[in-house]
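For reference, the structure is listed below as structure tokens.
So that you can tell them apart, the chains are marked A, B, C and D in the order they are listed, and the count of residues begins at 1 in each.
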């Protein structure tokens, strides 16, 4: 039933978006809106758990937020406290059981948890727990945290949590809900984002600030790496469970691709970072051309920056079909076979006889880009130049991004010249790692750039690593 | 979310019907048919788990067998080994999680279990297990067995099972499936039935033999109380895990009401037992009348016996609407309000001016019978006599039948004379406990008659007992 | 898309059950209950149209009454006037369009119609209407009536209706609804039943009186052949549109098989007629045997009569599975392949070593009966005698019953001796036509017995007839 | 049931998109892709009818193309000939009956039709046809065409069609399918687009050329106003049924708003027209500002043109949520209440302290624009200037666009100064009608500009006109 699944799609997937709110009489409706704004972080399943301080209410299902929840459903999710989760996961009938937030009723206490990221010692921890008699119901590594807590000798929920966190390693942002508390946790290196906001008097948590914008909440600050934030009727309390002060491992790919351009992530507006990446790219790889053409929508900000810096006008050369979701989600095999044509159409009259620069956020396997270039050629472009707003991807991510296998990454198959040939472009330019790091605000040591340079901030045993990689989808 | 739920319906519910088969290439389709024949034992949810010796396939859902499974679904449940379960449980969105068979993947081994009956020490066992860190995902007491097995130090599956069975107390017939084994278990007192059959070369298990008839399998024997039967490619093996040889506690209410008349249960064809009950009833409570009228369908066999013994002709006075299921399942509130009229119509021309004897299998709360008698009066019956093919119900069952609370049972509210008055009958006669026991084959000590005389074969701590009762639906 | 469809099932189908009510604030809920009681007359689709005197509300769908309507749906069908329809029709996605009642909005007036029966000149009428420019939206012959009305020059709805009725020939009972009127119509020969009832102050119409029993309405009388009854706020009005006084053509097969035993049809309670048929049968075909065994449920009444007349005791030898509907409706191919075993189980211990008489209502193709007899033999019956409560079927019905083709009818393939051999029975006895007619109340000239003796009350052109037969399902 | 419905949404709706293909073995799958590309023209229902030259297959349902059709469904729509339709219509259970293509089986011939546009004499035609006995099944004015054809005395399908077209007046592009022919029709004034394409050897028809791009078909030419094109196995044939050569009434709002930017409509690429509109707008209403900010996505092309012409840089100030469809379709009331914030988020860091020019395609009621401006102010914009790429809307459209009532249009409530005040902008500039007409290729007389200047190319009787308007949704 549960099988190891590799995605054939061109792009990447991350595991989720998180939201939590305390103190609002319409908590589940707010959570619904928060999830709606975070939909891009996980389109396959979603869930909300709410509480009125006594009873707990839950709904989780496969599908997007809009389809899974309606007014009646939201009304049934009563209470002033709610957490929500959107998830990108494997398909199939059995995957509802993996929909988050995970929920348990243990020793008379309710407890729900939503997790964004990936643990790197889940394999050995699960083995150890099972040997002691724990039974796993899901294949989410988040369940490990719950079992560790259940086995903690402490009577205090917070102590249980801290003792569990001390055992796990990897990338994790968590929203946790008990009957009367909302808790936010971020791993000691801060791989994935998690923010604290305030909607009038109500504290809230979200993976990205775009969720705050939609509900008209204000960003207060990021949850700090190694921090636990506890929100209840007494207010807010913060605990540092890990002292690793100076080292950070913010996933820079959140800036390049994952996060919404209107979010503030790791202290910067994503759109502005991307624009900066585009500007730096223009300086690193100048080109003579008639137009800059963005690949919508993830390449748009960088293309704008490229255009500003290069003084080459921006043109709409590619029209996106609004009825398709983000690149990697294709509901029907039928559509998948038609590839990129379904998602984008090229404006032949704009492109014909022109020298165009296509700006994209990243290239992973290159197969999509290749078809795209071919379509530009068919549309009559005289020259096609490709500019990419990050360095070439070469290494697997163990912290929550599901790249294709290393041997499928185009940058592991070819050198730059060969890539240009494979894609059939007149020139290609990748942003340098240095250029990328110079385009962001924090110092280099604060970011994880492992997928580009193999520099893993948390050491991964090569053997274990491989196992983890293979099992990541299913634990 | 999970709340304590008391059924308002008139009748009783039992928790399930079980089926298992090993060695057939169409195991899941056979299981489907087996469950179909056992549908009367549980109409609210059903499930099948199958295995091809490597992978495990599962589908469980709310609804009846016919609605939950179709050809495509059955094709997807591959393998030569399958177990199935039909269940009567509480309603609501959260109850799919309690649909059986329960399934776990533990230490790399798959394991599924279907349970019929009720444990009487589940409350304390659950408490103990949770204190040690076990996390319960369902409110089925069957999950306790799984946790006990997971915590067993033994490496051998069978030893784990035996050690778990030694801890639990109560009524349980189990079908268990591992990747390559089919296992049947019956509790030491044999409360609930479980039979071993053979379909050509394939061993199979079923709660009732009517399942064997449908698939053209032959009844081999009952699983004995305290016996574990293990079926795999090496054949069949039997283990006695409990030595209590001479004491039995077969639920005689299986004969009176639950089982299908064409099943052989506890060594006797149910229809013939019921006919015998009717004959004995006729002798104990003779009456002068024009017609014997059976309450279809559970009263039909007893009415036939009553008619034969009394020489009073049988007549169809009540026509059953075939589009309604068993008495206690009413899909729409709208219909429920109309009560018994929806299910039965009285043949006025037959009844008018006549002295009629209504024969029913049992009376629990009496409200349905009262309306029925009223309808006979309205139809013009001159005299209405009621004969009941079992003694008056007075005590709760802790072994798997969900009677109304004791204070709701008509026999606890009124004496016989008052009951006759309440029901507005010209006379009433209940079969005596002695008469009932004389109508069945085995000696008295082999049956549980607790619901009639309070004689509980397994001691129930009064306090604990109450807790268990209250929690039975949800544990 | 629309294809000519012949049913492979063993049994027959009739096209529908009708219900109507005027003046009740919960008209659609009453109609729902009425249809529920008439479910046996059509299990494949159903519909209700209601009106509050201004707006008209409608819901029609494939499926049984219980599944198609719920409380919310019924609430949405507002008004004090409602008609309903259950239908047995061909399957497939396109057949919802044929679900009845048919509804039209013409010249600003709403109009709905439900039809039970079959027209014999529909082919030529449809051809004629299409040639004049009428467009048919369904393949129901009822639509012809609507087009004839639409083309009538008269301004008065009733005159339009009468002029349409004068053009059509065949069997038809109709319930018609306008915004403020409920109308009942029965063809001049009264093939199909239609009754007038009263629920307190509200007039109602139903195909069978069992619908009145459920809603606690009283039977007033049958709608007379050739009568139109108009019910509105002014009360009830009756019009005779056809003067054929002395000739009737009541379908006697309604008594034998179709109608519910608790209904009063053509002036007699169906159960009592069937019992009488069984008594006559016992006299015509006496037999020495240990038991009379009814084929549930359509053979039960006749078996009871046979038992009373023959003094041979009745026994339950066959247990019916309550989770299967009437014989001819089998939802899954999978089940169909298993044939009769799914629906019935034989009580081996009852039958073994005995001489049994199986009493059934009718035999059409004989294939089901043959398997049934075989199962009795396998169960160990010493002798199996078959008694059939009507004569052998030999001729097609053009008035609304969809028998198999004449060449498939067992009585057209074999003589009595050969039938006994084919079925493998020790003896067989069919009720004689004379015996059947002597068992019903009215004189012979009042019944249609065409399916047994080919004596068609309405002359059918042989060529046309054949066309009509082939098209009956789809016209 | 069917009620007159006015949409409260801010925007407009048009009735449909059309597609047809002849000669391809996977005709229905091609049609599916064609409809997918035309989804923006109608999001509420869709349908495909196909034929293999003998049988006809059909599926129509509420919902978007992706949800309504899956692989199995498409496989069931067999044949080499298919037409498809996407439709924006009123909601509710009864509206499936209005889903197109409409389908009839008349005199043994199958016939399906899809219609884009609106007839202006449908009211009187329907009245006339009903008086003659025609029965309408839908409230689509397209059904009038079918009834006119059915009543034509001619035997030839094409003659029937021409005689029907001579009776109807208004805007209509039609795709028609018989068992073996694909037919395209465009009204004499050419209000709505319809194009002829070729996919290898197969002729195809589509409302917009973006459908051809997706299936890799080539645009051959537009169907000419007053032309019927008949495609069958003999090839393609063209008939002119109306000689009005020099007058055209192309709906210029197709360029401004409806059509996809990558389509070629009325001989021009829509994106380039919009860019030109933006350039002209920049010249007509110059402004000093820091950024041009497009309202995605319909304002993007015009904003680009404005930026090029004004030399003011383009910035992404508004981020669109990709999980919302076109402006006027909002699935949940809950979301509707939150208004534009759900669809768009403003990039505060970009906007803060800046003078921004918002460029939008059109303003109808102004309520959305007002909230949008407010959000820019809240985000800290120093100045907000609005530029609109078409003139102010003042008049109703009788040819297929469902604007709000005239009294709801902002340009009928206020003068330009008041509009600026109402919207709270520092300045506002609408493109002039002259400027708009100068920005498109054809001469002025070829376009319908009635919604801006009240100059109706087809005279509408004021009284009739009103009726038509009110009835347009439901006929």
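Criterion: a contact is a pair of C-beta atoms (placed from the backbone, for glycine too) under 8 Å apart; a residue touches a chain by one contact, two chains touch by 3 or more.
Note that the coordinates shown come from a computational prediction; the quantities given were computed from them, not determined experimentally.
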Provide the labels of all chains in contact with chain C and in contact with chain D. none
Could you work out how many touching-chain steps separate chain A from chain C at minimum? 2
Over half shared or under half: which fits the residue numbers at the contact of copies chain A and chain B, same or different? same
Just curious, how far off is chain D from chain B if you go by their C-alpha centres, in Å? 62
Per the C-alpha means, the centres of chain A and chain B lie apart by a whole-Å value of 50
Between chain B and chain C, centroid-to-centroid distance (C-alpha), Å: 37
Multi-chain contact sites of chain A, meaning residues that touch two or more partners: none
Chain A residues within the chain B interface of the complex: 1-3, 55-59, 93-94, 104-107, 130-137, 146-147, 150-152
Please give the residue numbers of chain C that touch chain B in the complex, ascending. 29, 32-33, 36-37, 39-40, 64-66, 70-71, 74, 210, 213-214, 216, 260-262, 264, 269, 271-272, 297, 300-301, 304, 308, 313-316, 319, 321-323, 325-326, 331-335, 338, 341-342, 345-350
